[in-house]
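Shared between the two complexes below is chain A, which pairs with chain B and chain C, respectively.
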Partner chain A sequence: MNTQITLTGIIVFIERNVYLRFLLVAIVAFIIVSIGSLIELYIERKFWARIMSRYGPTEVGKFGTLQLIADAVKFLVKEDFSPAAADKTIYNLVPVFSVTVSFASLLAIPFDYTVASLFPSSLHPLTFVASNFDPSLLVAFGFFALEPLIVLFGGWAAGGKYTLIGGFRSAAQLISYEIPLVLSFLSVVVLAQSLNLFQIIQTQAHSWPFAVLAFPAFITFTVALLAELERTPFDLTEADTELVSGWNTEYGGTKFLLVYLSEYIRAFAGSAILVSLFLGGWLGPAPIPPLIWLFLKTIIVFTVLVWIRAAYPRVRIDQMLALGWRILIPVSAVWLILTPFVAHVAMMHGALA
Partner chain B sequence: MAFVENIAILMFLFLGGALGFAAEFIPRLFTKPRPTPEKLAPFESGEDPVGTARIRFRIQYYIYAVAFVAFDIVVALAIPWAVGWGYVYWTPIILLLAVMLAVVGYYSAKGDLEWI
Partner chain C sequence: MIVDVAYYIIVLVTLLSVVGFVVTKDIVRAAGLLLVVLACVAAAFAFMNSLLLAMIQLMVYAGAVIVIFLFGVMLTRREAPTSRLRQLASYENLTYLVFAALLFLLILRASAGLTSPLGYAYVSPQLVATSLYVQLRGVVYALAALIGASSIGAIYVVRKEKKQSDGTRGGV
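== the complex of A and B ==
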């Protein structure tokens, strides 16, 4: 009897069981997003500091790299308490919901395919990949768009005035920018004629990047994404000078850690969706593995978001809402109707397959 | 969408939920809560909190929420057209988006989108 356990044997066993297979996919996505969030946090502190002629963290570890670990340990060992005025059940469950929903929006991003193509002999891309199904973009966006509910619940349940105002501001901002966000990604859907993020990337292998073919949509999507991620110049929901920290003011310890983590997971997922929709996802000219391309592009997009954060002041709430309703919605709606004509012309000239 | 993808969604939700739950509730076993009235009070810049947090808030949030619900349905109806624009008539979706833009224009002109 052969009882030898080999790596290939384990992988074959996992691949035969659909539950284990997709759990493995989820674990792979979790590892990637954890590394991504750590890099994001480091860029956020160090790059932002350098733009402002500061040093950022320097003391813990070489170039302050271990600062994040020190912060995480501090959050984990802090005392846990709920404010007396809080609705305890909802208040304590909101961080868990927030991180779950943010993590689930990573489902559609083809990290699993890029990892599978690193191991062509053992992991079969067609069976291992979970992200290649038809309305994957819609599913990811559905999870992405649950954030206003979580923000409202969190702001209401924490029982502070700042959190309540921050929660309402967040919800108003998130719902105002959801319409331009959907209208802009729909012009990419028009070009690729698919709601599958996997196929949208594959279409770009034989065409110009959609950032060129749908340039106005690229701009409106980027602005709307900035607002959806609640990053400066649209960070009025966390405006430190007015609202302390917005809807998550009353959270501390591990609860704040989870809220903070889910914010960066959302930033990672949002940048990866932007890269997949407009910048060709895992495609790249040099013989670098697709995983590195997708990861690198995502991090570069995030770095640009940090750059925008360092360069622009915060807008006022009336300016923010006016930009969303009066400029982004009309521009993205008109461009959506024009996109089929662009697609037609591009197909005639071989710029679109 | 086949049944298999539902398993993938469930696995992502399960892993995210399990890790979140573990990260929030396991450290509680090792920390001892020592509540004081000051610690449990809501943060109001160091002052004693005035009244409850269930304050009145702007009615304008409501106007934006209603506008969002109406327009989001229009946008949701545009999704099938965006996938199959080569096979369906364009008139309905152009009319819908035109109506949406007209309503945004009317809202703007009337001043309901102004933040007072």
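== the complex of A and C ==
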């Protein structure tokens, strides 16, 4: 009894202090994303291997689960080197900024409601929300929009030919695929009448999932997200046969670990945004807590991305640009125009609240 | 209190980046510092409760415009600056002077006749914005015109020297 009172007291104290709330949300988001990234990496290696009729990691730990830890230790103990031609300041700053920006894009994802749902408190969960601000969707994409710059600076600062070409390719790809990405999520914004991810998920509680109501936008968003995350079949920026490893060729040891980590954090953030926009976020049947629902859906979406990676070959640069400019942008633009009519029909039939 | 401290850290970073942007000799670093300035301006908007404007600033100016600058800079042949430009660039003390004068004017204007209940001069983000964009707009416009004129002047000097030296056009 005494313990319960103390716990409630702590919760009330945290709820009343906005900075503590932000801190708690940041810590929880950090833990969730770190665990999520590790699971993503394991799925990537194991699932991908099984599709290719291989075993994947098996030696370190049960089912190779500790292989990731072994890899991380290997990166951390490697010699820290910088190429002679590198601009040392920018070269060293790029991995740090890459991780920071990737983490910052998680600001908008409404973990906090789901965190509140785990607490044994009778307080209304809405009072606990820290990241429930109006343009939260824009916040996520605002930080996503900074990635091309980091890539470009990284490619240039390393001072290599492959890195610079990789940087250019990456920046061009990221910028051109931002257009269909934004056009796709705008149709969801029209349906939910909000730029707030929290409200977008709440709208789906009383409607059909937006993956059904805005199916073309869901498809274009998924494809554009694959390109934004630089994953196969759109991994031209790291095309090993042409560019060694693209813009991060010259990064090794801890710096490469940071760059690699930021890729998976971005993948987690991207998958979580897709889940929040189209698949109902934390919504799900009651016995499983909302936080676990959000986590599970995100991991499933990521697994589908890995599946696509294993199933499709890398596209050529002209095919990638043609897909973006000739198919994704027109389809998402036309769908955006049609969305108000779809919303009207859906409201008439009770499919949209 | 914490918000104010964070705001002033942002302001300090912005001001240092602005000076660095003007005086640095490396054009890519200049673009990087401009990115810091634009990102800090976005942060300042966020402090003034304009999150939408902050994100637009981040996506459009920091995210897209700087990429275009960088593409232009990195695809251009790197050449040593001409003698006249090098001479002009050595007047960086003038930059520090103009910067210090503007900062002094800004602080003077923003803190004039305004004290907190505790007695010390209190400069809120809103007050800085009002001072900069309303009361001191003449100075800001004059500086913007000066920067514009400097850019056009630099292009003119390069073209003139190129014509005089070998008749070829600068850049590829």
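Miscellaneous remarks
As a working rule, the second predicted complex is superposed on the first by the 327 of 353 C-alpha atoms of A that agree within 3 Å, B and C clash if a C-alpha of one lies under 4 Å from a C-alpha of the other, contacts with A are read in each partner's own complex, and residues count from 1 in each chain.
As a working rule, contacts are C-beta pairs under 8 Å (C-beta built on N, C-alpha and C of every residue); 3 or more make two chains touch, one makes a residue touch a chain.
Because the structure is predicted, anything quoted here is derived from the model rather than measured.
The superposition on chain A brings chain B alongside chain C with room for both.
Residue contacts after overlaying the shared chain place A:T100 against chain B, while chain C stays out of touching range. In the superposition on chain A, A:A333 contacts chain B only, with no contact to chain C. One of chain B and chain C touches more residues of chain A, and that partner is B. Once chain A of one complex is fitted onto chain A of the other, the partner contacts of A:L257 are limited to chain B, with no touch recorded for chain C. When both complexes are overlaid on chain A, the residue A:L152 reaches chain C alone and has no touch with chain B. Shared-chain residue A:I90: touches chain C; no touch with chain B.
By the document's definition of touching, of the two partners only chain B reaches A:D80; chain C does not. Of the two partner chains placed by superposition, A:T303 touches none, neither chain B nor chain C.
Minimum Cα separation between chain B and chain C in the superposed model: 5 Å.
On chain A, the surface touched by chain B in one complex and the surface touched by chain C in the other have residues 19, 133-135, 138-139, 164, 168, 171, 175, 195 in common. Those residues of chain A whose C-beta lies close enough to touch chain B in the complex are 18-19, 22-23, 25-27, 29-30, 76-85, 92, 95-104, 106-107, 130, 133-135, 138-139, 158-165, 168, 171-172, 175-176, 178-179, 182-183, 186-187, 189-190, 193-195, 244, 249-250, 253-255, 257-258, 317-318, 321-322, 325-326, 329-330, 333-334, 336-337, 340. Those residues of chain B that touch chain A in the shared complex are 1-2, 4-5, 7-17, 19-21, 23-24, 27-28, 30-35, 37, 39-45, 49, 52-55, 57-58, 61, 64-65, 67-68, 71-72, 75, 78-79, 82-86, 90, 93-94, 97, 100-101, 104, 107-108, 113-115. By the touch criterion given at the top, residues 2, 26, 28-29, 32, 35, 39, 42, 51-52, 54-56, 58-59, 62-64, 66-67, 70-71, 74 of chain C touch chain A in their complex.
In the complex of the two chains, the chain A residues touching chain C come out as 19, 87, 89-90, 133-135, 138-139, 141-143, 145-146, 148-149, 152-153, 156, 164, 168, 171, 175, 195.
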